[in-house]
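We call the chains A, B, C and D, going by the order they appear; numbering starts again at 1 in every chain.
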Amino acid sequence: MINKVVAGADEAIHDLKDGQTLMLGGFGLCGIPENCINALVRKGIKDLTCISNNAGVDDFGIGLLLQSRQVKKMISSYVGENAEFERQLLSGELEVELIPQGTLATRCLAAGYGMPAIFTPAGVGTEVAEGKEVRNFNGKEYLMEYAFEADFAIVKAWKGDTAGNLIYKSTARNFNPVMATAGKITIAEVEELVEAGELDPDQIHTPGVYVHRIFQGVDYEKRIEQRTLRSKNP
Amino acid sequence: MINKVVAGADEAIHDLKDGQTLMLGGFGLCGIPENCINALVRKGIKDLTCISNNAGVDDFGIGLLLQSRQVKKMISSYVGENAEFERQLLSGELEVELIPQGTLATRCLAAGYGMPAIFTPAGVGTEVAEGKEVRNFNGKEYLMEYAFEADFAIVKAWKGDTAGNLIYKSTARNFNPVMATAGKITIAEVEELVEAGELDPDQIHTPGVYVHRIFQGVDYEKRIEQRTLRSKNP
Amino acid sequence: MLDKNGIAKRIAKELKDGFYVNLGIGIPTLVANYIPEGINVVLQSENGLLGMGPFPIEGQEDPDLINAGKQTITTLPGSSIFDSALSFGMIRSQKIDLTILGAMEVSEHGDIANWKIPGKMVKGMGGAMDLVASAKNIIVAMQHVNKAGESKLLPKCSLPLTGVNCIKKVVTELAVLDILPEGGFQLLERAPGVSVDYIKQATAGRLIAPEDTPEMKFD
Amino acid sequence: MLDKNGIAKRIAKELKDGFYVNLGIGIPTLVANYIPEGINVVLQSENGLLGMGPFPIEGQEDPDLINAGKQTITTLPGSSIFDSALSFGMIRSQKIDLTILGAMEVSEHGDIANWKIPGKMVKGMGGAMDLVASAKNIIVAMQHVNKAGESKLLPKCSLPLTGVNCIKKVVTELAVLDILPEGGFQLLERAPGVSVDYIKQATAGRLIAPEDTPEMKFD
């Protein structure tokens, strides 16, 4: 089996360059590649275009890349509460393209499945449709949306093996599997890295062929954005 | 959780009618819904259009439906060795539409993902392209292929639960998950049916929302089409 | 006049046994608290979960298990996890029977605006545009009038649209209304103590309001 | 002149460390027996498997574990199973580095015909059309001439096409040939004991055949 293991986040992103396009997995702060984001901050590369469903919070996740002004453009469906984000957007330092969440996911899918474009009804009749081809199938209108092109996809999984196979845990899965299929180079950080052969082939979520570099991450904080509880005695 | 359990194959297919379109999972004889095929033969409904990668062999799998002349049209990628199939085709009793295997899989995917059409390069410049829209993306030509519409999808899984969640085993997975997403009504037969809650949510291959009826099958023969062995001492 | 919980409770009566349901943020989330006895529904969260359960008790929260509002949640027996592409795949292919979401404005033609106010910081549409464009059955839960006292049920939306010609039913603190295929709000029920005249004054869009419109019934 | 195993052995020299490879039925399947020492490749089977191993020994065959030729097989450590849509997804998105398949005819422009003979029972194209339309690197393994003694390397295919302008290299019992971007077969190597003249006579398409074309080397 082909060995995809690198030493850590810094080695994994060593050839990432100013001005490139990255996909970053995660939904909110759940399932984000914490180690690689920290390494990107350390590396200090600039003018990045980031495709990610959200933009983190001020002091965690992609918010860290915004703080250090490394992001030129965000492509997201929801940018939430992030004061630094808002400041950069209003000052014109940051460009933002907001697209429907399903369109975001499906444009990743299209890239990973080798489909140059897909059709979705999301956004028909809204400003999202501006400049896009509208096509009628069976009496319903759809927008044609293009597959993403990303220089790197950076994802976080729960377990992975040396051959690059990935298994995600719970809703930390979210965008990670579709982004993993969509990068020209895909980097996976995992909580536990095992030898090829230790994972059940039937339970692999992302086959290793899609993953170019893999390493076991350290010190996961896994910050909770909206801790919501019910009382013990309802 | 919503209970999808039916008593068996006969109940599962009770409302299937002459002239309807069915998807049948499996690759060769691997992962085919044996119980439902037998029930279809018992029920004797006719003029079926069957979407399935293969057409079985003379006396097993979809071959049984051909023997009893219940199939009007096969949509497949490879119809293999099947003398009765060949006889009916040459005599004009049977209509056959051959389409590339990836196109077949992706037209199922399109249906399950609510995409009316997809683009694939498979078949460009060949007779498969006749009458189809050809479109150039980034200098490469693609055919536009439509999502399938199937009245029923009938699939076989390894384990399933009462909520309709499915897990497949080994390469018996093949077309089953994409077809499961693509039927107006999806019927799943499983080797082992368990209570909701017994399967790990992270390991579900087909979420229950796509499955309308489920039952535990009996007497699986699992015939091997090409038993190929290596010698013990190479 | 209903409070938020009243609106949620009234909407919960629209749930049918066997429904798969997507609940938006705000009042829609509250609907989960009022699912009628004997009605089995499965809640979908578009970040990749079917079979969402209640919020966890303290100490049981799992950072890897959240809903589309980023809240910690739990799963119920029979749940399944999947990626975002399949999640919106099942939404687009109409496997989700009912979507309930909030709105800033709804038009008499079923258009909805709920994601952007010009001049204010835009947070994004999230999954709302996918949901309204795909769902076969959408109920809007919202206040009948905005804070300035202006009707949110309009002849035409003034805000940027989220979706066109897609809303079938609106439940507010004042009324239950269907949106007719030919356009117009059909008043079906009045909130307790609210008169037809009051609803007429609070509705800017075309309203069909029979004088004998019944009051809502609970339980 | 090479036998089938010789063709497979010569093609195996084209494998590079780290390649993901799809092997068609027939001679291509034999390539797996000649993977050079120190070269790690992963075999994909388009019915949904990466990491295909050898055929099982008697008693170990599993009806649920087959390859695209419907043969019983095994898996190697690090293998993964997936559905047919993802399998062709990774083929279309060019994650498979090399495809090796048989052919009835190949044209000097890289067209290939390998699925249908008019007047004969048609079995279907299986996954061949997807593979040839998508793969970035395709090698055809075939006999140089057919049973009637006619060349299978042609100016233009006479049989219905499987794919257009997609084949980069052909290995036959006589020769290794590249197909040039501008059209034409570039002779690279002769099989042991086969003369350039012999290859010229067996090739109907445009052939660029230097007189000093070297003989193939094995090991």
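Criterion: a contact is a pair of C-beta atoms (placed from the backbone, for glycine too) under 8 Å apart; a residue touches a chain by one contact, two chains touch by 3 or more.
Owing to the predicted nature of the structure, the values given are computational and were not obtained by experimental measurement.
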item: Maximum centroid distance from chain A, chain identifier (CA atoms); value: D
item: Comparison of B-D and A-D by number of C-beta pairs in contact, larger one; value: B-D
item: Rounded Å distance, chain C centre to chain D centre (Cα mean); value: 56
item: Mean-CA-position distance for chain D and chain B (Å); value: 28
item: Distance between the centres, which are taken as Cα means, of chain C and chain B, whole angstrom; value: 37
item: Chain B, residues touching no fewer than two other chains; value: 106, 109, 113-115, 120, 168-170, 173, 201-202
item: Chain D: positions in contact with at least two other chains; value: 49, 81-82, 85, 88-89, 91-92, 134
item: Pairwise chain contacts under the document criterion; value: A-B, A-C, A-D, B-C, B-D
item: Residues of chain D that touch chain A when the two form their complex; value: 17-18, 20, 40-42, 44, 49-51, 75-82, 85-86, 88-96, 134
item: Residue numbers on chain B that touch chain A, as the complex places them; value: 106, 109, 113-120, 137-138, 140, 142, 146, 167-170, 173, 201-203
item: For the chain B and chain D complex, residues of the former touching the latter; value: 27-31, 53, 76-81, 86, 89-90, 98, 100-106, 108-109, 120-128, 158, 168-178, 205, 222-232
item: Contact footprint of chain A on chain C as seen in their complex; value: 45-49, 54-58, 61-73, 81-85, 87-89, 91-92, 111, 121-130, 133-134, 160-165
item: Interface residues, chain A side, partner chain D - complex; value: 1-3, 111-115, 161-163, 165, 181, 195-197, 201-202, 204, 207-210
